[in-house]
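Heads up, the next two complexes both have chain A, just with different partners, chain B and then chain C.
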Partner chain A sequence: MESIFCKNVSKKYKKKIVLEDVNLELEPGKIYGLIGRNGAGKTTLLSMIAAHAPVTEGLICLGEEEIWENPNALEHICFSRQLNPSMIMVVKDYFKLASMYYPHWDENYAKQLIEKFELETSKPVSKLSKGMQSMVTIVAALASKADYTFMDEPVSGLDVISRDLFYKLLIDEYAETGRTFVISTHIIDEASDIFEEVIVLNQNQIVIKENTQELLERAVFVSGKAEEVDKAVKGMNCYHAETIGRSKSVTVLLEEGQRIEDSSELTTRAVTLQNLFVALCGKED
Partner chain B sequence: MSQFLSQEKSIYLQISEMIENDILRDIILEEERVPSTNEMAKLYSINPATAAKGINILVDEGIVYKKRGIGMFVSTGAKETIKKRRKAEFYDHYIRSIIKEAESLEISKEELVTMILENEDC
Partner chain C sequence: MNGKKIRTYTLNYWLKSFIKKAIWMVLFSTYLIMAFYCIDSLLGEGKAMSFFRDILVLGESEKNVLLNEVLILGSWWGYYISAILGVTYMLNYRSMVMLPLSMGSTRREAYVGYELAIVVILFLTNLHSLILAFISKEIAGESVLFNHYPVYIAILISFIGVAKLLFSIQFENSSKTGNLVKVILGCYIFGAAIGIFAHHVFLVAGENEMMDGEWLNVLVDFLGVEIKPGEWLYALVAVLGVLTWVIGGKITLKKSKNIEVVMLFS
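Moving on, here comes the complex of A and B:
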């Protein structure tokens, strides 16, 4: 399987810019996490890659071939979007449609997943709770067996036990097949260890795309007396500085070769992906 | 191999540390198979590539080795290797932070030594 490339992709709705000049390579055989604030353009990006929506400018390709209106490329792609909560279609009919739409659909696997999630398939989607609607999108995504599978907030509304089940099923499927998954989520920390790479969307652009562990290794939270902190982080990439009285804290993204000198005047701490996300994308006071 | 992972430290380092702890405590014996990356990935809900990175650290140190087609096994002498290395790291990992905290509390070196000597477990 080849990589998917977004080349200078922009999306505008009338005058409103949602994504601007996005360049992205999705390599086969990885689990990507896609994070960004509400309205950052996560769903728009995924729906354009899956050719559910046209780009305003730019090109999206699987290998050399453009994906738009290209059945050869589209058979490898599944975008399981969030359901319209008032959809009156019965769940099993939704799966029937999915089985016709996705050429590599695995009916047995779908049945197993439905059992694991204890989904009632004879009910209309609109009668399901938000969490159960998310389960429907998870089953459709996994059973599609598409090489590239995009999931839009699959854990939204799921209780913690079902989320745990989802992560385990995902790792199972990934370990077995090496399919590529892109998963958008707002529940960042509990999923961050699953993402081999993380993609951060902020203000219409991709601000980070990096191996998750390597990214977290170069992120440090530094606190202490303001002038000591300033001295230690001088010239570094600093985010989300906060001061209270004489104390100051700041999140630093270290570049190659940089380090915070060990000192009894300073406290340094590892940050989680969620901490880092807030530091990068939160508004400064 | 059944602890919770913390967010304070790289996941792959925690994975290699947990396997080492299991070896030190005879939970996994020398020449026994260690759990596969996929087993660990599922158990801890982590990416298999991260679990593999943790195991590769142990391979590089000669603590585990690969039997083609079967899996990873604990080397003979692994326990000694781990102990030796951890002894070498003891100063950096523990003593340094004790001294740092003692300094900020103005505990003198003599006081610190007395505390250690008087500890009944010692």
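Moving on, here comes the complex of A and C:
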């Protein structure tokens, strides 16, 4: 399977710019985490890659082939997005249709997933709770067996046990098939362990696309006396600086060759993906 | 997934959904009518029945056979239901196209599947009315509806034609435009429904002298049925309907290339 490429992709709704000049390569056989604030353009980006929405500018390709209106490319892609809460279609009809539309649909696997999530398939979607609706999208996404599967906030509304089940199922499926998953989520720390790469969207652009482990290894939280902190992080990429009295804290993204000098006046510790995200995308005080 | 599959699946799903609704509506309507007759019989004055008959302009030529009248009414209802449901499905355009789109079909495939579903749905509902009209004719020897059935089908085609043309505007993704389209469509349907009743009243009362065009015989020969003077208007509506259907379809397909899946079934 070839990579998906976004080349100079922009999206505008009338005058509002949602995404600007986005360049991205999604390689096969990886689990990507797509994180960003509300309205950052996560769903829009996934929509455009899956040809649910047209790009305003740029090109999105699977290998050499453009994806838009291309059945050959589209059969490798599944974008499972949140359902309309007022959708009156019965769940089993929804799955039946999914089985018809997705060429690689695995009916037995779908049945197993339905059992595991204890989904009531005879009810209309509108009668399901928010969490159950999310389960419907998860089942559709996993059972589609599409080479590239995009999931838009799949754990939204799920309780902790269901979320745990989802992560386990996702890892099992990934281990077995090597499919590519792109998962947008706001529950970052919980999912960070399964993301091989993380893509951070902020202010209409991709600000980070990197191996999760490597990213976390070079992210450091530094705190201490303001003068010492300033001295230690001088010339480094600093985010989310906070000053309380004479104390200061800052999150640093180290570049190659950089390190924080040991000092008794400074405290350094690793940051979680969620903390790093807040540092990158949160507003400064 | 190829286009043929998409068409088949779209058709299967929506037909099933549509037939369920149609059966319920026809049954409900028929039972309502029968209940009306029962009440009328219980009252024993025939007032309710005659009022109802006047409204539907069944005329004296119709034999007062309960079954026959129910059948005629059934076929009337069938016609109107098919018109209403047909248009309802036009209004559900976004849903019907969104679903295949959200599951990886191309816009062209989704659109063609939807188009096919609409055509077959209309065909089936009209067939239902036609069968009922035919049965009523066999029983009573005459059926006003049956004699004029091609005209009603023609009008229905025009409904859809105009609806399609109007709906092609909706691809601008503007809710204001969408609402405007619905209002226009509603007025059109309402006006056409009144027109049909008015036409029927004229026909039964023998006052239909609007035009006696000889040229109409060509159409009469072609259709193999008797079209009474005045119905040229409906033939014209049908022709315009087909034209608008085609034009609307072309415009819709062109605009649908940029349609976005906002949210499933939004």
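Following the convention adopted for this analysis, the second predicted complex is superposed on the first by the 285 of 285 C-alpha atoms of A that agree within 3 Å, B and C clash if a C-alpha of one lies under 4 Å from a C-alpha of the other, contacts with A are read in each partner's own complex, and residues count from 1 in each chain.
Going forward, a residue touches a chain if its C-beta (ideal position, glycine included) is under 8 Å from a C-beta of that chain, and two chains touch if they have at least 3 such contacts.
Note that the structure is predicted; figures quoted are calculated from it, not measured.
Enquirer: Just to be sure I read the superposition right, which of the two partners does A:Lys168 touch: chain B = first, chain C = second, or both, or neither?
Expert: In the superposition, A:Lys168 touches chain B alone.
Enquirer: Using the superposition on chain A described above, determine whether A:Tyr109 touches chain B (first), chain C (second), both, or neither.
Expert: Neither partner.
Enquirer: Would you check which partner chain A:Tyr239 touches, where first means chain B only, second means chain C only, and both and neither mean what they say?
Expert: A:Tyr239: touches no partner chain.
Enquirer: Quick one: classify A:Asn84 as touching chain B (first), chain C (second), both or neither.
Expert: After superposing on A, A:Asn84 lies in contact with chain C but is clear of chain B.
Enquirer: Could you look at A:Ala53 and tell me whether it touches chain B, chain C, both or neither (first, second, both, neither)?
Expert: After superposing on A, A:Ala53 lies in contact with chain C but is clear of chain B.
Enquirer: Between chain C and chain B, which one touches more residues of chain A when both complexes sit on the common chain A?
Expert: C
Enquirer: Could you list which residues of chain A make contact with chain B in one structure and with chain C in the other?
Expert: Chain A residues touching both partners: none found.
Enquirer: Contact residues on chain C for chain A in the complex?
Expert: Going through chain C, the ones touching chain A are 1-3, 5-6, 9, 12-13, 99-109, 257-258, 260-261, 263-266.
Enquirer: What part of chain A is in contact with chain B in the complex they form?
Expert: Where chain A meets chain B, its residues are 30-31, 164, 167-168, 171-172, 174-175, 189-190, 193-196, 212-213, 216-217, 264, 269-270, 272.
Enquirer: Once bound in the complex, which stretches of chain B touch chain A?
Expert: 5, 7-12, 38, 41-42, 44-50, 53, 100, 103-104
Enquirer: Could you list, by residue number, the parts of chain A that touch chain C in their complex?
Expert: 47, 50-54, 69-71, 74-75, 77-79, 81-84, 86-89, 93, 96-98, 100-103, 146
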